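Below is a structure I'd like to ask you about.
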Amino acid sequence: MAIQIGNIKIGGPHFTVIAGPCSIESPEQFINTAQAVKASGAVILRGGIWKMRTSAQAFQGLGEEAFSMIQKVKALTGMGLISEITDISQVEATFDVVDAYQVGARNMHNYSLLKELGKQSKPVLLKRGFSAYIDEWLKASEYITNGGNQNVILCERGIRTFETATRNTLDINAVAYAKKHSGLPVIVDPSHAVGIADLVPQISYAAAAAGADGLMVEVHPDPSKALSDGAQALTFENFNKMMLQLERVLAAFDKGLNRLPQQMSSQHNEIHNPILM
Amino acid sequence: MAIQIGNIKIGGPHFTVIAGPCSIESPEQFINTAQAVKASGAVILRGGIWKMRTSAQAFQGLGEEAFSMIQKVKALTGMGLISEITDISQVEATFDVVDAYQVGARNMHNYSLLKELGKQSKPVLLKRGFSAYIDEWLKASEYITNGGNQNVILCERGIRTFETATRNTLDINAVAYAKKHSGLPVIVDPSHAVGIADLVPQISYAAAAAGADGLMVEVHPDPSKALSDGAQALTFENFNKMMLQLERVLAAFDKGLNRLPQQMSSQHNEIHNPILM
Amino acid sequence: MAIQIGNIKIGGPHFTVIAGPCSIESPEQFINTAQAVKASGAVILRGGIWKMRTSAQAFQGLGEEAFSMIQKVKALTGMGLISEITDISQVEATFDVVDAYQVGARNMHNYSLLKELGKQSKPVLLKRGFSAYIDEWLKASEYITNGGNQNVILCERGIRTFETATRNTLDINAVAYAKKHSGLPVIVDPSHAVGIADLVPQISYAAAAAGADGLMVEVHPDPSKALSDGAQALTFENFNKMMLQLERVLAAFDKGLNRLPQQMSSQHNEIHNPILM
Amino acid sequence: MAIQIGNIKIGGPHFTVIAGPCSIESPEQFINTAQAVKASGAVILRGGIWKMRTSAQAFQGLGEEAFSMIQKVKALTGMGLISEITDISQVEATFDVVDAYQVGARNMHNYSLLKELGKQSKPVLLKRGFSAYIDEWLKASEYITNGGNQNVILCERGIRTFETATRNTLDINAVAYAKKHSGLPVIVDPSHAVGIADLVPQISYAAAAAGADGLMVEVHPDPSKALSDGAQALTFENFNKMMLQLERVLAAFDKGLNRLPQQMSSQHNEIHNPILM
């Protein structure tokens, strides 16, 4: 079943790239990133409003300050936004600014939140908990679908294993397994899954080749200055290069990239020259 | 620092045993279990009101139906109750019936819930997420203490590893490590940690010997008929035997069991003859 | 650096497919499989002579009985053989029949064996231990290369994690990471990595897309009757289909399949009609 | 079944402490450690002759240079020695100096070695592989016992999990589980299991309380100067303190320490004043 986010169908014949910064940090950072990822072929934005951080002292996101930036960027680019909510109260608070709710890995087992999202009609991107069995992940999706909201997209983002050289271990088996055993679209977050920007492209190609329906990728104008997760964010240039190769991989499976109505296939070859808001 | 729950100090010189059923299932089941575990030396009750279940179809707990039973059992036994809340709304809903809020493994990263509990004064039992680093667990506790509520008790309940012969893997190292690196009391849930009733006693003795401040143990009048987690629940008789041996282990460290004001040390040798409500 | 096995260079510009049965079971099984995988584009054979089995009671391989079969099949097909040795004494015993020695996951830390292989000139395929850090795997390779044998090929075959739905968890990150941090060719064993024949093709495409230099795949004339690992073996037909799609994935990276001198690209489209020995 | 090493029965009614340095480094280090651990109540020595090291560059042990030191120390103390062999050739090479062969975690799956040990009569201490299922460990023991050597002692030494604060994760559940499901003695290596000297005593008490038949502990005259594993070695003083408390824990189970024929219970209270060889 394909899930519609704005004009884009996730889980249909084509492949969907969601991209943007880990956190929305400032108007310049967000608009520049949005325009750059759009120019390279992304069709939906990601961007954190409230961040879940292990430490209560770390940067927690802009919160409601980000709302007006989001409205402007969406109007300017015509792109929808997926953003994480960590709390039932945020379902309503973000209703006007997000086009799909993201449930993060740490909340995959937050059944109260899942049940609340089951009452909504907006799509839900459900990340796999970092040590959830595939089966628990599929069952967690039923807390949403049983409530009446069938618009669930699964997202594999790496699991926690003994290995420490990479941030997490992308469970590529789980992508193939979940595609076979659920009727839901499955996308991959290569940025959290490997945690090393240099390796994000190969991991992304692998995800496409394993049959994923899309990617959610972190991109930042200057990863070294990112307020969160800089080590795994792609620059505009590297994201653009990756998208070109990704199209070739998809073509090997008779697939293409999902595109915004106005996007031309020629457009994404040039790196966007950002205009500040 | 010792944390007070009713008349009982957790984390002081003596050892605290919390016991009761996984879920509160009926008045008979709860009162009988309460009286039996009290007779054997437990000083605080456990009992699930709402259960977090992987499957939306499994028994989800009695919910508010349990409240009046809890009030009666507490009055009758003089014991406090620890029960899991899975949602901010339950903080207020359970205020009159619980003496300490339990945050389960699946919610250790539910920072909204932790922050809300930071505004309360009742103690919080914070279970370790089943794949949380010890360091994440200690940092999660700061989401509560930073809010002003210093009454946090840590609970190791087993982690998820490759091993499948046991339900989880008790991280006994983590008990010693958390005792050294946090100023908080640390207790162990041997029932979830091993998941096999036969092995619960040995695991409990090990926890005491490693320096834990207490245990939280599942006990059921007839484990084979339990609506949840029967395989790991002790019968009244086996719980009583375990408590006798546990006292000997504690004595080797010049410790004893924490006792309710009225409890006599002789009492806990005989299995309580239950009186129905 | 490319490693030569017979006429085939592993780790050069093209992609190498090694295929064959888990265990060599009989002349018919081995020759038929060899001819079928050759017809589909495989260029090196795999086939177990002695099997490492968890249980001392399980089928342990044909042992030296297999030697004459191997000689015939190699002569007939012109393909080289990679086979596992589990013991120093087998280095000499198999010298005349194997073209590369495989060190299995259980022996990655068998440093005596690695040192002995360091004195040889034949290539060594070093599988990653199922819970070895990538770094330990790379260091294990130095036990061989420090001895003077530079012909080491790394093979990722899945790691042991908490997940039980699949046999192991293919660490696709490790493929990209090892390619970047070692100068050695890296191949993938999709059969052990996922353990479910239906999912082997997707996992194989993912490996190619992540930059692996080749695959080692289990193929059997009748997987349901295999004496070991039948659940993960491909039929001749499914292997052939997979090879056709694999070529398309490789083409997206301007790569092709490594071929035997006499192979024509047209040949591998038809399933070989086996002739018994 | 109890296994005899010299005069000591492992797995009988009493608890056996094996202690000594990680590696035998020099005559002074070895004799001093042996006398100190004997004075504190250890009854069997441990000490590495050849070390398995992840890196081919790290200290690999004294090898045969250690043999004459071992003979002297054994004669002087009357204690037997357990030492790791990593290779079939070492079975014969060490025959005159070791009283029990240790198979390390990295060799638990080295079935050639296990089969060879099955032909011997000397006891074998079989460590659990660091990611072996309990069931694989028990099956590995059958490679020895099926060969005719029933003298197998199991040793839990910690498993590899996601946790990084401690060196490994002691699987205390596995101690209780293996005691129940095998007829073999089970001991614990707390030094490798936690990897932090400060926490070794609590882990040791936990092992005794869980029902282990003994411990194998690393002790060094000056841990900060140890050539291997110094961070986890106890000083003589801390080992002595631990032994005093351990006896109290054992007494809670009506057990005591196994003793050498000449040892007096008073002896082990004073730290031995070492005499250089």
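So that you can tell them apart, the chains are marked A, B, C and D in the order they are listed, and the count of residues begins at 1 in each.
Heads up, the rule we're going with is that a contact is a pair of C-beta atoms (placed from the backbone, for glycine too) under 8 Å apart; a residue touches a chain by one contact, two chains touch by 3 or more.
Note that the structure is a prediction, hence the values are computed from the model and not measured.
Colleague: B-C or C-D: which has the larger count of contacting C-beta pairs?
Modeller: Pair with more contacting C-beta pairs, B-C versus C-D: C-D.
Colleague: Averaged over CA atoms, how far is the centre of chain B from the centre of chain C? Could you give it in whole Å?
Modeller: 50
Colleague: Which whole number of Å gives the spacing of the CA centres of chain B and chain D?
Modeller: 36
Colleague: Could you give the separation in Å between the centres of chain C and chain D, each centre being the mean of its C-alpha atoms?
Modeller: So the centroids are 38 Å from each other.
Colleague: If you look at chain D, which of its residues touch at least two other chains?
Modeller: 131, 135, 160-162, 164
Colleague: Between the chains shown, work out who touches whom and classify the graph as line, ring, star, complete or other.
Modeller: Topology of touching chains reads as complete, every chain touching all others.
Colleague: Contact residues on chain B for chain D in the complex?
Modeller: 131, 133-135, 158-159, 161-166, 169-177, 179-180, 193-194, 196, 198-199, 202-203, 205-211, 245, 248-249, 251-253
Colleague: Which residues of chain A touch chain B once you look at their complex with the stated criterion?
Modeller: 52-56, 86-89, 106-107, 109-112, 130-131, 135-136, 139-140, 142-143, 146, 160
Colleague: In their shared complex, at which residues does chain D touch chain A?
Modeller: Touching chain A: residues 131, 160-162, 164 of chain D.
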